Structures are given as structure tokens and as C-alpha cells.
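After this come two complexes, each holding subunit A, first together with subunit B and then together with subunit C.
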Partner chain A sequence: MTGTLAKPNAIESAEKQWIVRGHERCSTGKFMAWLSPWIGLLLLGLYATYLCLRFGLGETHLDNRFGFGLWIFLDLAVIALGAGAFFSGFLLYILKWKEIKAVINSAVVLGFLCYSGAVAVLAVDVGQPLRSWFTFWHPNTHSMLTEVTFCITCYLIVLSIEYLPILLKNRKFKQVPSFLVFEWELHKLMPVFAGIGVFLSFFHQGSLGGLFGVMRGRPFAFREGFSIWPTTFFLFVLSAAAVGPSFIILTTKLVEKITGKRLVKEDIYRTLAKTTGVLLTIYVALKCTDTLMWLNSTSVRAGVAPWEFYEFRPFGHATLFTEVVIFGMIPALLLLSRRLRERPGLITLGAALACLGVVFNRFVMTIQTLALPTLSFDEFMLYLPNWVEYAVFGGVIAYAVIVYSLSYRYLNLFPQEQDLQLNPKEVGNVPVR
Partner chain B sequence: MFPFVDGFHWTVGHIVFLTAFGLVAATMAVTMFFVVQRVLDNFRKNRTAAIQWHSDFHDLGEQDRRCRHELTGCAARRECHNSFECGHCADHPRFAQLEPATSAVSLDAFGLDFPSDRLYHRGHTWVRVEEDGTMTIGLDDLGRRLLGTPDRVELPKPGDSLTTNGAAWYAFRNDSPVRVLSPVDGMVIETGGPDQDWYLKVRPTRANPNLAHLLRGAEVSAWLRRELERLQIMVAPAGAGPALADGGSLMEDLPQAQPDANWDAVYGKMFLAP
Partner chain C sequence: MTATTPANPANPPVQQNRKTRRFGMVINLDACTGCGACMMSCAVENNCAPAKDKITDRTGITLMRVFPVNDRQPMPARRSGFVPMPCMQCEHPPCESVCPQQAVELDKLSGIVDQMPQRCFGCRYCIAACPYHARYFNWSDPEWPAGMEQTLNPAVAPRMRGVVEKCDFCHGRLHLAEDQAALEGNDDYTYTPACVEACPTQAIVFGDLNDEESEVTRLAKDPNSFRFLAKLGTEPKVYYHSEHEWRRNLAERTANGSTPAAEGRNS
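Here is the complex of A and B:
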């Protein structure tokens, strides 16, 4: 067989030395073309960030009544989706599910992007970044947000440490002896960081939920619970753990679609799908119980008629139905059933619905909670973000896409990729006799 | 909240909160300190080459890490967890006893030249122990055909030390660097090259060098069969279905014969340097 491959130019030859051995990637020009619109969006986001930091939140549609808007909703959503990092680490390093190795690198990068993006948006939202250390020096110990701040900061440091070995495994970097040895030693102690990550994630995911549950002045969100923790504390932890694997499925499938390559074996998807299925089923059962308790007990004792909350449009009864049934029960069923999990399309659908479910839940907890009136003279408020808020939101998405694209191009995010590329029929046991 | 902030007074909440985060911060700091200390220790003990091999072995695919005794059929299914360092494997002596006697088996090399007077490393090098105790190292016939005519070869200088599974020499073909692994520990005393039958002559570091990890006799045939299967899968044109080999022998310069294949990937897999 003869070939007529075009000889790569000098830039491509040089770039090839940075790409993981054996990984086939698109040309440099095509990659730059893919990045260009995202870089444009990132620049727009940076401009919007400048406006907010220079002139204050008056540049946005946020006000004293609607302090939690698009950004906090984004924060809660990405922190829940980024739970795939801590949960994958828990499965791999603590429970020793070896098959998770196929996606752990991607999960860590996604977690890092979700958390760093969330912290960046918080910095714009809170403002005064030069005084950010105040939150650690003068913390309000009566606020769950203090615990969230400490946990997220620590966990972002943990994720950065977890990202480091993946970065140092780059083909060029690992030729530097000190990088190689540092990466090797750091990698060996990764279970310690995974354990810390699980501890921190459990508490800050929970506290983000607890934050809403303790708001007596917001009867739509207020919940009772155990000791100082309202039920939303546990529901947030469980929902984040449930959708973490689904987000990994979804992002991996998306990368496979965009690149036209198989990146992980089908049985990995099935394992992740089953994990989400089991956890989501438990979550939906607890969520239904919690909702019934709130409707029949908590709200009644607080002197409010809970069904009235669903009279305000656009948040009708359909909101509750969508959250619990369409984004809860249906994906739980799709991912729990072994027969349905055999169909890759249904795994993708189930994972997408599960992720949408957690995003929708965080939307309900932030936007719907704040929109509803709480006093007799209060009015239903409609909040719509302005272009500055959308631009910052878009900037964070662009940042995540750019860093993930660079990571995928130059790092070994999917260790099975090369084997699947060389032998798409999933190398099994080759008979030797 | 902190004792050094005006108006601070201790409560149970403060103690629990500060203890929890103090423990987290301390664990992270101690772990990182431990990592740095281990890194410095490794440099002091000159373990870089060994770490590079362990790191590369860790990155090999599951199918690239099969135990030699699985290849011969002595073990049903077995992945190596000792970085192919059979001298460190507790089960290797037991399996080795089950293998057919070396001298009783003729070496079926599938049309390749694999003399039976040598020991073979899984990174496609061979070792021949000479009468004077020195060892000659070369590239096996499959490795030679994989590289074809290299664009460039970088050999160590006489007097340089080699570490088992560390880099013995580097070859370059079509922009792809290939790190050829050393099959033994030793000091280089003479260098050859691609134009000769051998690449290096070394004097072993120890009087009785550990050669347990090197393949011999019948297991060379079994290993070679697997290597040829892997190669066939890797260089097959995209979209080609499974096919049965219909005879013939490998061409001398494979990259020239099959230029469309992803040779960078093939080199990584076959020379165990991902």
C-alpha cells in the first residue's frame, strides 16, 4: 500500500511534539478556527467583567430584591455538575472502581473548570476583589455561605493539585525529569486528595442547599431537617453526586461527537449510567417525600398555602411536574433499567435529562424562590438578566470550552482513546493459543 | 471569627469549624511536604530512569501489560502489576516451572530472525551473554523492521551507565522519537549501530546480573505471535475489517511500506514508551 500524506508544515511538526503520543488531532489551523469564536466570547465576558468591577452591579439587572440572579444560578448549577470530579475520585480512589480510570482525568478537568468558573463569577458578583480576603478574616459564622466559601476555596486548591499531574503528563513536560518525578510522587498520593475532596464537597454541596432551607423568610424554600441541617442540605449533596457521572457521560459523548472519535468503552458509560440511575432514584424518592412534607406540614405550620406559590406565571404547577417527573423520574428509569442502558442513545438521553434536572432544580431554588412574594403587600417579581450578565455568563462558558479544548488536545484526558483508535472493535482478549 | 480579630470569643461552633478546616489545611500541607521530600529523595538516589519506566508502564494500555505467562498459556488471564520486572513477582518462579524447558523447544519466529542463543526484552531488544561476561545488546528483528532505516540514532558513550528499562539509545524516524529500553543494567564499553548486528556492548553492574525478566525459548514465539497481532491491528488501514493473515513475511522497512499508519502510536506501543 502506498500513501501520499501531505508533509506537515514547521508549526504543525513542532506542535506535534506537544500532543500525546499516538493521539490524532485536527490541524493547527482547524483548531484555531474552533477556538476563535470562544476567544471572542471570552473577550466580551472580560469587558462585561470590567464594567461590573469598575462601575458596580448597577450595570446589571440585579438589585436589593433580586440579589441572586443568573450568576448565582450558574454557580449553583456548575458546582453541582462539577461534582463528577469528587464523586469519580471517590469511586476510583476510595471504592477502588478501576474502570473509572477511563474518565477520571476528564472529570478532574471538568471539576476544575466548573469550580474556577464559579469562583470567577462570584468574584464579579461580590465585587471588590482586592478585599476578597475579608471573607476569611472576618467570616460570619452564622452564615452557611462562610462554610461554602472555605470549602470551595479549599476544594479549588485540591482540584488544582489534582489537575497538576494530568498537566505534567504532557508529552513535552514529562521529558523534564523534575516534572516527571513530581508527577509520579503526587499521583501516588492522589487518594489523600480525593478523600479531602469528598469531605469538602459533601459539606459545601450540602451547605449550598442548606442556605435556602434555613431561610424562614422565604417559605417556598424553607425546610425542616435534622439538627442544624434542613432537608435541602442532604438533597443538594445527593443530587450533585447523582448527576456528576451523568455530566461526565454527556461531556464525553459531546467530545466524541465533535471529534468523531471513540474515547471510552461502552461498558464505562453503562457503569456511570447505572451509578446515576441508582442515586437519582433515591434522590427522587427523597425529593417527593420532602415535597409532600413541605406541602402538608412545614408550610401549613408556617401559615402559608403552598399551592398558591404555583399560581404565579410563568412558574405554574408544570414547574414541579417538570422537575420531579420529566427531569427526575424519567432519567432515573432510563438509567436504572439494565435493558434500557444497553441502548447508547437512551443513556445519552437519560444523562442529559438528569443534568437538566439538577440545573432546573437550582433555577427553582434561586430564581423562583426570590421571585415569589413573601409578605401580603409583596408582589411577584420578574427578573430578566441584561446583556452584561449574559456576557459574563458566556465568558465563563467560553473559558471552560477553551481550557477543556486545550486539555483535550495536549493532555491524555481519555486513556482508552489510543487503544480504541487503533482498534475500534474494543481490544478484548486476543486468543494466544 | 479568629482569636486575633477584635470582639472574638470562643464558642463550640468556632472550635468545630476551625478544627475541621485546620485539619484539612494541615493534611494538604503535610501531603505536599511529603511529596516534595520524596521527589528530593528520588533525585538523591538517582531513581529518575526507574520512575520514568514505572510511569510509562502505568500509561500503557491494558492489552500492552499482559503477563508473559498469559502469552504462553500458563495463566488464563493475567495483567502484570510489576512493570515487567519478573524478579520482583512472587508468582513468576511458580509459573516459570510450568513453562516447557527452553532447550527442548524450537523457536518459531514467523519468518523473522530470532536466534535462540539470546534473551529478549519486551521492548524489542535482545541480550547475548558473551563468554567473557560482557553482554551484547541489539534490536530484535521485529524492532529493526519497525524502525526501518532510522533518520538518526543517538547512542550512549562508552562509560555511560544503563539501567534496566531505562533509555538505552534513541532512534528517530519520520519526526517520531523512539526511546529504546535497556534490557539490562551495566556500563557501556563499546557502541555499534544500525549498520551492524548489535548496538551496545556492556559490562554488567553485578557479577550475577538479574535476567529473570527477559523472555527465552518457547515464550518468545508466544510473545512474538501477540506482537504481530498487535502490529497487524495497529497498522491496518482505517475501516478495514478483521482479516486472516495469508502467509508471507514482514517487509524490511515497515514505515516505508505502510506510510499511512500512525507510526508514532505504533512506536509508543511496540517499544513500550507511550
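Here is the complex of A and C:
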């Protein structure tokens, strides 16, 4: 997306009018070349979506055993990764960590893309999408999914409202006086929306965990807990809050790598890394406690031998080890240690492992839960998604990349970018927490 | 389906004082030959469309399904049998509480777990929640070859693509029995689901588990009767009966800490 400025022509000079003053961006042609493959993937995703909506979900490899498959697993994963939006909003507006301003715009856009993408996939995943409103009309207040539906819908609206002022700060939009006033007024309300976002996110992240924890018919997933909430409720909230900052680190570093620019000061990464480190350490400790309780108490009362669940390949004991140690303890250690955090490479590694950990945890809860047998004469079953499932999700990834690329090009996603461009030696003057 | 007898203090409407039933089954595993007549009659009774070419045993609709089982012993010592599995009509259905839009409901009058396809939007959370794999999703449009639509049962609505369905102890027959009782001004009725009627060995006994005198209650209380996955606390109303220990040991995934295969050696 970067590069030398091409010879100006009418289209290019018109397009440049939309770019934030002082931001250096690549030529229009180069930008279009970057977008082209993503547009292709988006079109493929739209075609796969058409197949599902026109001919039904028989076009996929989902079946009566794997009612939840690739889409639900990845939906849970992107919603957890998108938690960076609510958590950075919480740090900035509620805890007043001013340095988070450097990434808040990018975090909001990422959150919006993760949530809107997840909702789009859900619309394909359900058998009768036109009946989705039934959940609001005939809500079952005992269902975790009802709570998830309500909160995700409301939070997507909140994210759209949070996205709006970033959008209206575009150079061209700012020329419309009413937009400017609206943006200013909206900006003043942001702490309120951030607070609402935190509240909504807390509950739906938790309820996504609760989805599995309440399934007493699935001893592998079932957990006891406090009051109506199984322990997975709290573990999902904590894991999402823990990896949200890591996802911001990864995406920002990725954009820096692709554009060849410094976008935030190094101290921001260390602050975000430490936040992940602290939360991930607490999460891993609670996860270990929860696993021990499940192994020794919950599952035994359900009439199953829990270690048997780890005898089915490819989900062996290594699954548990990978989830807790490789994707839990190691990134927690990497990001918690002040000495290790001084090395940018280790921050990236720790953030990547933490994000992979939450993705893996969602995979275990969704796919492994359904693959395992329940009845004594059941078989262990596997499922491999087909191209339609991959294409639909690929389309959503493409949508996210396209919208993020446009946002990066025309909006001020990283307020420190200009400072760093003018003074490249400045590595950071933000106090490290 | 609702009673419409005129209001009369001496003869109150059936609706207000309806008898509470708990319809259930006892399936004699020793009598089941695995012939599949229950599956066929169920599909015909409930208007399940013929399977299309691309339908597999993992995507088809078999509201009653007969599973082949064995004691996992090496041949020739291996003992085999069959387990017919309809919906267990749990007293505490794990599928009911998870449905986000109340498309699943435990009917307090009959004890049957009802599924409302008209309200279901096909999220399949109930499928994931059911440990008995008794729920099925309509993966494609139901289609009947020309002429076969004549075989449709007018008492049962076919389900559309994109919704979940399950055994509901032949609700069409239940409704007919209820209508008949209402017409006659009483609440004393019972009926027979299609699978029970079709079984050539009379392996399935159906009735009201609240009725202490009924055969189904007597059989359910027999020491050789059991329910699958009872420790999960779902309280199924479908019981199984066998004189053979290895079959009874199929009830739980692990019996006394060992696998069903190991248990089989003891019978």
C-alpha cells in the first residue's frame, strides 16, 4: 500500500483529495492492485453464500452430528479477537489510559469488522435467516443464545456509532459543517457508548462460553459454576479481554509491515502486551483450576471417564497440553516478563500465541465437543468443511481486509502516524505501566 | 385439538381440568430384530420426504433410528443387537432450555417434547445439546417424486428446509385422539404411535407413565429396565429393557469405571 507517488492524473489527484492531510499513501493503481485479489475472494464468498441461501445448507459438509462447524468455530474466534475494541474502549474511556488513543480508532474498526463479519456468517449459517427476528419476538430467556443475539445486535449498533466519528473525520466529510458538528457531539458521547459497549461485550462474550457450559448433554463441555453461569462464562470473558490487546498488537504490526511505516510508538506495544500478560496469567490459572474440577468432579458425576475423551485421535492429550501450556502459559510468561517485553520480536510471538490460544480454545469447545461420542455405542466422528464453507468465511475475511484497507487509506486510524513520520527516531515517550 | 364442550358447572370443560399424562415407551431390546419397520412406518406417518441422492446417513431424517450394537468382543464370541432410538422425551430436556426462540416446549399435559418447525430458525443449538442425537435438520428442500405426494399424511404438516425436527410420539395421532375425546366430552384417551403399531415383534410398549396400572409403567419399573445416560439428569421417558447384562451395560458410556466392551464379558 506504500510506494512512490505515481504520475498525477485526474482520477489519482481526485482520489488523493480524500486522503488525510499529511499521510503518505501509495498510488491509486497500487492500491487497486492490492484490493483486486480480495475483491475476487469476496465475489467467491458471495457466490457460495448464494448457493447456501438458494439451495440450503446441504451445500455444505455440516450434518446432524456437526450442526455447528467451521462457521460457528470461526465466529466465536473472531468475536473473541474483536474484543480488543471493547477492552481498549474500557481502558481509554473508563480507566483513562490516555496512551490507548494511539490505537483506539483501529481497534474500533477491527471490532466493527469482526462483529459485522460474524453476524454476516451467522445469517448464512442458520437455516431460516428471515426468521432471525423471532428471537426478539419469542425470546427464551433461559437460552444463552438469546442473550448472545440481543447483545451482539446491540453491540454492533454501538460499534457502528463508534465508527461514525472516525468516518466523519475524513478530510472530505469534514468540509460539510453539519457532519463536523455531528461528529463533535458524537465524540463527546463516546465514553457513554464505550461503557455500554463494555457492558454488552462482557455479557455476550460470557454467554458465548455459556452456550457450551450449559450443555449438560455434552459432558465434555458441561461445567458447573455460579448461579446460572457456568465457569465457561467467566473463562470466555477473561480470555477475550486477554487476547483483545494482543490482536491489536498483531494487526498493527501487520499493517506496519505491509505499509513499511511506523504507526505507533513502541511503548504502546509494551502497554498492550503487559495487559495481555496479566490477564492471560489469571486466565490460565483459572482455566487450570476449572479443568481440574471438571476432571475430578463434574465429569465423574455425569457418568463419564474424562480422560477417555483424550483417547480419540487426533484430539489426544496433546490438545489439552497445547491449549494450556503452549498457547496459555508460554505467551503469558513472554508478555508478563518486563525483560522479555523489551524485545519486540517476543512481543509479536507472545501476542500471536495468545491469539492462537483463543482460536484453539474455541475450536476445542465447538468441534471437539461435537466430535466426541456421548452414547456407549456412538462413534467418534470427524468433519471436514467443504469449499462452500471456506469460501463464505473467506468472503468475510476479504470484506474485512477491504474495509480496513479503505479505512486505513482515508481515515486517521493511527493518530501517531504523522508524528512518527516527521520524527522517525522517536520511539516512544509514553510512560510504561 | 382443544376441547370445546359447553360450559356446565356439573360437567366442567375438559380444557380446565385436563388429565396430566406422561407418555413414554419401554423398548424390549431382546425382542428387537432390527427389521427397520419402526423406521419405515415413522417416516411414512410423519411425512418424511424420500432421501435424495446426496443425502447420507449423517444428513438424512430418521426420527426413529435403529442403531446396530455389539459387546465389542472379538468374533466369534461377539454378541450383537439393535437399539431403536426415537427422541427420549426427556423430563428435563437439554434441548428446550437452549432454544433461543421457544421452538421447543415440554408439553405438561402429555409429557411430550414438542418441536415447532414454524418457529425454528435453524440455529441447530438443540442438535448440539442433545446427547441422544435424536434431532435432525432439514438440509435441503423436501421433495416427493410425482405421484408420491398422494401418500402424504394429512394429519401431519411436512417440514420446510432449514428447520430442525424430531420424534414427537406421532403428534398427528395424538391430536386425533384428543379431538375424538373432546368430541365425546371426556378426557380419557390414549393412542398408539406408528412405530409401536408397526413393530412385528411387539418390542415397543407405549402408554402413560403416570398410570400406575399401565403395562408401560410396570415394565419401566422392572429391574431389568434402564434409561440411556441417566446420570446426565435428563430423565428420559423412553426406557429400554433387556434380560442380558451386556445390553443393560450400554446405558452409560462407562459402567463402574470400565468400558461397555469389558462389561460385556460378565453377562
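One rule holds for everything that comes next: the second predicted complex is superposed on the first by the 418 of 433 C-alpha atoms of A that agree within 3 Å, B and C clash if a C-alpha of one lies under 4 Å from a C-alpha of the other, contacts with A are read in each partner's own complex, and residues count from 1 in each chain.
Operating definition for what follows: a residue touches a chain if its C-beta (ideal position, glycine included) is under 8 Å from a C-beta of that chain, and two chains touch if they have at least 3 such contacts.
None of the values given here were measured: they were computed from a predicted structure.
Looking at the shared chain after the overlay, A:F199 reaches subunit B, while subunit C stays out of its contact range. Of the two partner chains placed by superposition, A:I94 touches none, neither subunit B nor subunit C. Touch criterion met: A:T149 reaches subunit C, while subunit B stays clear of it. In the overlay built on the shared chain, the residue A:L382 is in contact with neither subunit B nor subunit C.
With both structures placed on the common chain, the touch criterion links A:H138 to subunit B and to subunit C. Of the two partner chains, subunit C is the only one touched by A:G56; subunit B is not. Contact with subunit C, but none with subunit B, is seen for A:R301 once the two complexes are overlaid on the shared chain. By the document's definition of touching, of the two partners only subunit C reaches A:V214; subunit B does not. Residues 137-140, 146 of subunit A touch subunit B in one complex and subunit C in the other. Only residues 1-3, 5, 13, 16, 21-24, 137-141, 146-147, 150, 154, 157-158, 161, 169, 174, 177-178, 180-186, 189, 192-193, 196, 199-200, 412, 415-416, 418-419, 421-423, 425, 427, 429-430, 432-433 of subunit A touch subunit B when the two sit together in their complex. Listed in rising order, the residues of subunit C touching subunit A in the complex are 54-56, 58-60, 67, 69, 83, 94-95, 97-103, 119-125, 127-133, 135-141, 160-164, 228-234, 249-254, 257, 260. Those residues of subunit B that touch subunit A in the complex are listed here as 1-2, 5, 11, 13-14, 17, 21, 24-25, 27-28, 31-32, 34-35, 38-39, 42-43, 47-48, 51-52, 54-55, 59, 61-63, 70-73, 77, 175, 222, 225-226, 229-230, 233-234, 237, 242, 257-260, 262, 264-269, 273-274. Taken together, the subunit A residues at the contact with subunit C in this complex read 55-58, 62-65, 67-68, 125-129, 131-132, 134-135, 137-140, 142-146, 149, 211, 214-219, 301-305, 308, 369-370, 373-378, 381.
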